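Mind looking over this structure? Questions follow.
Letters A, B and C mark the chains in the order given here, with residues in each chain numbered from 1 onward.
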């Protein structure tokens, strides 16, 4: 196991065909090097409703099925990566749909956080709450500089980031900074995010962010993919184990939260404020 | 869940009356903004004996009962925040009292570490061992500059910080630095503590430390308190779970340690050295 | 528990005789202060085969039996600390020997990682994979500057660092940096290793590295050894518990991996490349 041997293990690239598929709310495009780009395109702000989550989930399956070596996650919006969970799935919800909504979110996170393929986020806009969750589920983050912010700001809305949101965040941000950020609902500027390790690089624009993601993916050119995948999954097992052990309880907690009149009142106030702003 | 919505959730402050209560060894004063200051005042060095711990425990209950939004912990001594556990509770102890002593300490820590209200420590003097435990149980620490030191220095006295002391410390200090500090019994200067994250800010004096604590508390002005509290408790659940699962074993370990002749001998040597110094 | 008492607990050094023992593949030398130096000397690169691991295991027992207060681990090679696991124990293995090989490695790690005595590594050469494991099992690392590198580069060889290798690494390196290093199979230069905390100090040569180790050991001169040992073991319990709970499954995973034709093929390619290089 001497390091000088590394060069001898040149990776044979499997033959991969470029492909492109277009769904309603996402598009998936893979180049001939096996790097797929999944673009979220649910205007105006890529709010994660059930339909968008289901499309993301299917796209992740397609990446696996096609044995793409890497996935880059980005947004079609010029200002928002993803605004997080769609509040309309939580306000006066149909409980059956709400349950499906939450289990789909769990699935998307598990697929992304434990993926065998390499994952990177080209964060080309704001990434609050669920948007930050998607970004921290990847293995690398390049964020476009500007006035964009990123963070788990759930408390600011009167709600609570689940344990696995926290686990995903803490896989990246040191514990001390994570606790303050989560309790204060902190949204990090790009510079702050870089300093604390919440993002890995700053990009000038979306294209540059995607190129930086490709640079990260290139680091694995000589690394056998199976060893890489198992290493990632073992490393992240502590974080995923909690959800695997508590999926039903986690759904029950979410549904209980939706049944709480105070929460519904907070959501109503919030929706009113959005309408006010829209005028 | 877009960030622009944060401003709309302006927090309605519940009507809170200022209050002041004075016990033997502590005083509790709350202003009309719901910020309580708990002052330890057991001369000369706020050693945590059973009586002081019981008063702290009652004060924490009072903070909860009165729905104060925040607690600032500080000391009446000009040089010592708290010298830690009172060695006289451990030297040739009555075992029934020793058991009550330890369970009270467990309770104080759980109440403080998992409190719903905001907690901050204005560390206006030395904070070794149990003094450091109290400080790290809070969510924020401002320490007065000068020759004061802080740390879990149990090994230097021949004893061992329990697992939950370590958990409290590691919630704040990175693992690598924590291991060296705990095994060497390191007492950090104010500058060292700031650098490693054991404290968050340096203050010029006690008043400034309390003001800095109030500045931290102010960060939560717009954060709904329930979401904040549950987020904190979820974040800290890993650390508290151990004690909840092992309370009896933890008491038994402490009592076993008191029954160890070598430990009693160390404590006797230590007490002699204190008497020598007092002359 | 006031800090001023520390000085009173001057440690009475037990009477220790200097000793020296020489086995085939290691030598163990203790000075009259109870500091033992274990030198790995299996040319050319201290590959950890069954015989070397068994000798290390016996040496660790001897350190315990003789109640030495500290162990410094170093290498007789001028360029390699240890090249890691001997690939010949894994290529077309006798399965009974392979099982003994792996359980011996588990034992060595547990003995070293949980030792009562103080441990330090004087890393005087490359320390990839298993070499890095030995180094991170110690409590302190001084590495000789130069072109040497250190890291868990298993993925680069198409294999996977077990959970406890990762735990040992993460006891030292922050989570974010650890994940990238482990998945990319990163070998750190001395400067990079220092920056990320993978090593604690840079030394000019082997002698200087050993002196720096002695400087670290000196920090414990006034710390009662039992309190120190129990504190270390409690602190590391999270990391060791996994292996204690999963020893058989961990062996089974290793043997299953040896039975995988793809792995055998990777190993064969690697051995060919080494032979090529040797010419």
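Here is the rule we go by: a contact is a pair of C-beta atoms (placed from the backbone, for glycine too) under 8 Å apart; a residue touches a chain by one contact, two chains touch by 3 or more.
Since we're looking at a predicted model, the values are computed, not measured.
Shared contact partners of chain B and chain C are A.
Relative orientation of chain A and chain B, expressed as the C-alpha superposition rotation angle, is 120° to the nearest 5. For the pair chain A and chain C, the fraction of shared interface numbers is less than half, so the two copies use mostly different residues to meet. Separating the centre of chain A from that of chain C, both taken as means of CA atoms, is a distance of 37 Å. Within chain B, residues 174 each touch two or more of the remaining chains.
The touching residues of chain A, counted against chain C in their complex, run 1-9, 139-140, 170-174, 197, 219-220, 222-224, 226-228, 230-232, 234-237. Those residues of chain C that touch chain A in the complex are listed here as 45, 47, 80, 83-85, 87, 126, 128-130, 149, 153-163, 166, 174-176, 178-180, 182-185, 187, 262, 266, 269-270, 272-274, 276-277.
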